[in-house]
Every structure is written in structure tokens, then in C-alpha cells.
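One structure is given here, and the rest of the page talks about it.
Per-chain numbering from 1; labels A, B, C and D assigned in written order.
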Amino acid sequence: MQLDVLYFAWVRERIGLAKEQVTTDAQTVADLVKELSVREERYQAAFQDMTVVKVAIDQTMVSLDAPLKGAREVAFFPPMTGG
Amino acid sequence: MQLDVLYFAWVRERIGLAKEQVTTDAQTVADLVKELSVREERYQAAFQDMTVVKVAIDQTMVSLDAPLKGAREVAFFPPMTGG
Amino acid sequence: MSVSVQAEDFDLGVEVAAMTSGNPDIGAVVTFIGLVRDTTGGALLSMELEHYPGMTEQALSQIEQAATKRWSLNASRVIHRYGNLQTGAQIMMVATASAHRSDAFEAAEFLMDYLKTDAPFWKKEHFKEGGEWVASKAADDAAKDRWSS
Amino acid sequence: MSVSVQAEDFDLGVEVAAMTSGNPDIGAVVTFIGLVRDTTGGALLSMELEHYPGMTEQALSQIEQAATKRWSLNASRVIHRYGNLQTGAQIMMVATASAHRSDAFEAAEFLMDYLKTDAPFWKKEHFKEGGEWVASKAADDAAKDRWSS
């Protein structure tokens, strides 16, 4: 499966890019996080505490155990601070 | 004692004037209301239901039993509807 | 902290800009505007606003002081018009400025609730067939009472 | 009902006039404006607002729809800026219009509480010594949760 993976705010800064294409067999968001974290240290730095990282699949907020099946776009970001 | 007595909104309309000077020996607001009501029918029409008439002495809201001693200006009006 | 009772209209944007300009501590501004509403579907000719000059300014200032005492406000503004207003016209506004939104929201609601019951204004609706004084609402007393608990 | 995500500034007075013009049923308008606040007493150079294009508009529209379902609103408007903003600059606004003030106030507070936690915006404060991401507040989650009870 090929996914667009997006990063925002300090997640983006730690990983060092805003968007990339990832080819993965991960079943869930948590699997994808694990897969990326072992890949390179910068992912591990961004994902070390997943209680402060939020996830959206195709622009809808989901939990870590959400299945990736059918997903086109996955985004990781800190809790929002707009307003 | 001489008082400026002011009327607003439908109290003013029923009594037919906005302001008058009243010479009275009334001890309280309630006494003044009684005195005016026996004087002429238009006062009786305005003061027939004092639960819907509010009173201010010298521009501060008071209750019906408030003493008039020292008062210069007494105002009668319906509950406020600003805003 | 400032109160105006006036016949003239006001400009919300200008008022808010004047309140906040040059104060870097302000993070939140809440405003309320009351407009002349036609509840009859077109029969309202105008709305007349009567007030008690002198007492009005005093009552509004007291309400504003009470809000300033209770919440952390950087600025506040109350404008209330009198005279004859057309449907859709601005009747009044309150604005509150604070570091945080909860203070600004609560203070603005407080100002409105007290203004409704304690500021000596009276509305009369004019129709073709004549005028009618707007009745006060029990809900307005209840809204004010919630701040005493 | 309308949502804008934009770099440009906005004019509160113009937005409110556009919302209410020609609608005689509106009696109450509540607005909230968020401003760039300098909590350091002068050290803030600017505030940068990042967002998630596409998701932002969708999230704001969903929040606005939820408010419209829950309260009797004649109109509503949400504007949120992104990019680099100076101290005192307007960051965003919400406005709600209704027949009655309680609907307008509650809906505006609801919009703000959900916007804070559900709209994908992130603030970074820039100082001489570098930048710092603004931390989210537990109080914002609590403020949102009060609407679920």
C-alpha cells in the first residue's frame, strides 16, 4: 500500500519534512509508527511519546489503533493550538 | 417637602407628563403613590398594579417602602427593556 | 472602561480597534450587538428607545465596574443608543477585552444580563395601528440571577 | 454559515454587517476575536500559524454545522488566518447571529471551544533566541468537554 504521510508543527520539524510517500504493509496507524520509528532516528524522536501526537486519516481524526485499509493520506501532528 | 417626580415609558403616558414638582408630607414611596392615586384618576391608572412599577430615588433603585427623607428626585417607570 | 449613551450609530470595528490598540496583553475580545428585530414579518415601522438621562450613565458605569471587579479585563466598552431606530439598526453594544477568552465571554454575558434588568431603557414598537411598549421578560431576571450564586 | 482560512487580515465591522444585512429576524450578534498576545513584555518578534490545508476548512465547517444544529442561528461566520503575524494582529474571529442573545453567546463559545481543540492549527512564537511551539492547554479540552454533558 502506498500512502501520503504528512507531518505538522514540531512533528514536521523533528522528522525534517512536511510530506512523503511511504510504501507499507502496516495494518494500523500504530504499526506504521513502529515501522517508521525503527527506520530512522528522526522518526523515533518525533514519535517517542505518542500521547502528544495526534493522527488523522484522510483528514479525519482517528486513534492510534485505527486500521489503514483504504487510507490515502495519513497525518501526524501535535494537539492543536489555534484560536 | 418638595420633590421632582419623573415618569417614564407607559407610566409617563398614563399620567400624561414626564416631570412635575410635588409638595408632599409622604414618609415613604408607598405613601406618595397613595397620595397621588387619590388625587387624580390618571395616577390611579398608572399605579394600579405596583408590582409592575419600579421606583428610583435620586437615580438609585429602591423598594416601595423606602423613606423619602432627603430625596430630591423620585422616578416611576416599568421594568427595563433595554439591550 | 467606558460608557456612552447616544442617539448616533456606532462602528463596531472602530470601537474594537480603539479598545485593543497598543495593548499587547489582550488576547481575546468578545462583543455583543443588539439589533432592532421585526418579529411581525414586516409590520414594524420603527422602535423607539426612551431612557432616564443621568441614571442611565450611572447604572451602566456601575455594571461595568462590577464586571471589572469580577473578571480580569484589560478594557471594556458599553454603547447604548436612544431615539427612534429602524428595523435592523444597531441598538447597543458591549465589548470586553482580556488575556483569555473565558474572562471576555463571561464578562460580556454578565454586562448584558445586568444591562437588560438594571439600565433604565424602555423600548416601544411602532406599527401602523399604533405603538406598543415591549414587555420585560422573566427570563431576563433569571439570566441576571445566575451571577449571584 | 461560512468559513474562511486565509493569510489576509479581516475587518470585523464589515463581516458583521455582511452577516446581518437584510435579515430582520436577527436581534443579537456575538463576536469573538483572537489577537496575537505578547506574554513576555516585548520579546515576541512574531507568531507563526501553521495549518493543515483541506482538513482545516473541513474541520471548521463541521464545527459550524454542529453549532447550527444545536442553537437557533440565523447566520455564523468563522475566519482563521495562517502565516506570520505581529503582536496585536487579529488571528481569527467567530460571529454568531440569532434572534436571542443566549443562542448567540452559547454558540460562539461552543465554536471557540471546538475550534481550539479540533481545528488543525499550530502556533509558534518567534523570539530573538529562536522559536517555540505553543503548548496545548488541558483547560481547552475541559472547555470543550462541558458541551457533552
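One rule holds in what follows: a residue touches a chain if its C-beta (ideal position, glycine included) is under 8 Å from a C-beta of that chain, and two chains touch if they have at least 3 such contacts.
Since we're looking at a predicted model, the values are computed, not measured.
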Quiz item: What is the set of chains touching both chain B and chain D?
Solution: C
Exercise. Provide the C-alpha centroid distance between chain B and chain C, rounded to the nearest whole angstrom.
Key: 26
Quiz item: What is the distance in Å between the mean C-alpha positions of chain A and chain C?
Solution: 48
Exercise. Could you give the separation in Å between the centres of chain C and chain D, each centre being the mean of its C-alpha atoms?
Key: 22
Quiz item: For chain B, which residues are shared contacts with two or more other chains?
Solution: 83
Exercise. Any chance you could list the residues of chain C touching two or more other chains?
Key: 34, 101, 112
Quiz item: Chain pairs in touch?
Solution: A-D, B-C, C-D
Quiz prompt | Residue ranges of chain C in contact with chain D within the complex | solution = 11-14, 16, 20-38, 42, 44, 87-88, 99, 101-102, 104-105, 108-109, 112, 143
Quiz item: chain A touches which residues of chain D in the complex?
Solution: 34, 49-52, 54-55, 58-59, 80, 91-92, 112, 115-124, 133-136
Quiz prompt | Interface residues, chain A side, partner chain D - complex | solution = 6, 8-10, 56, 59-61, 75, 77-83
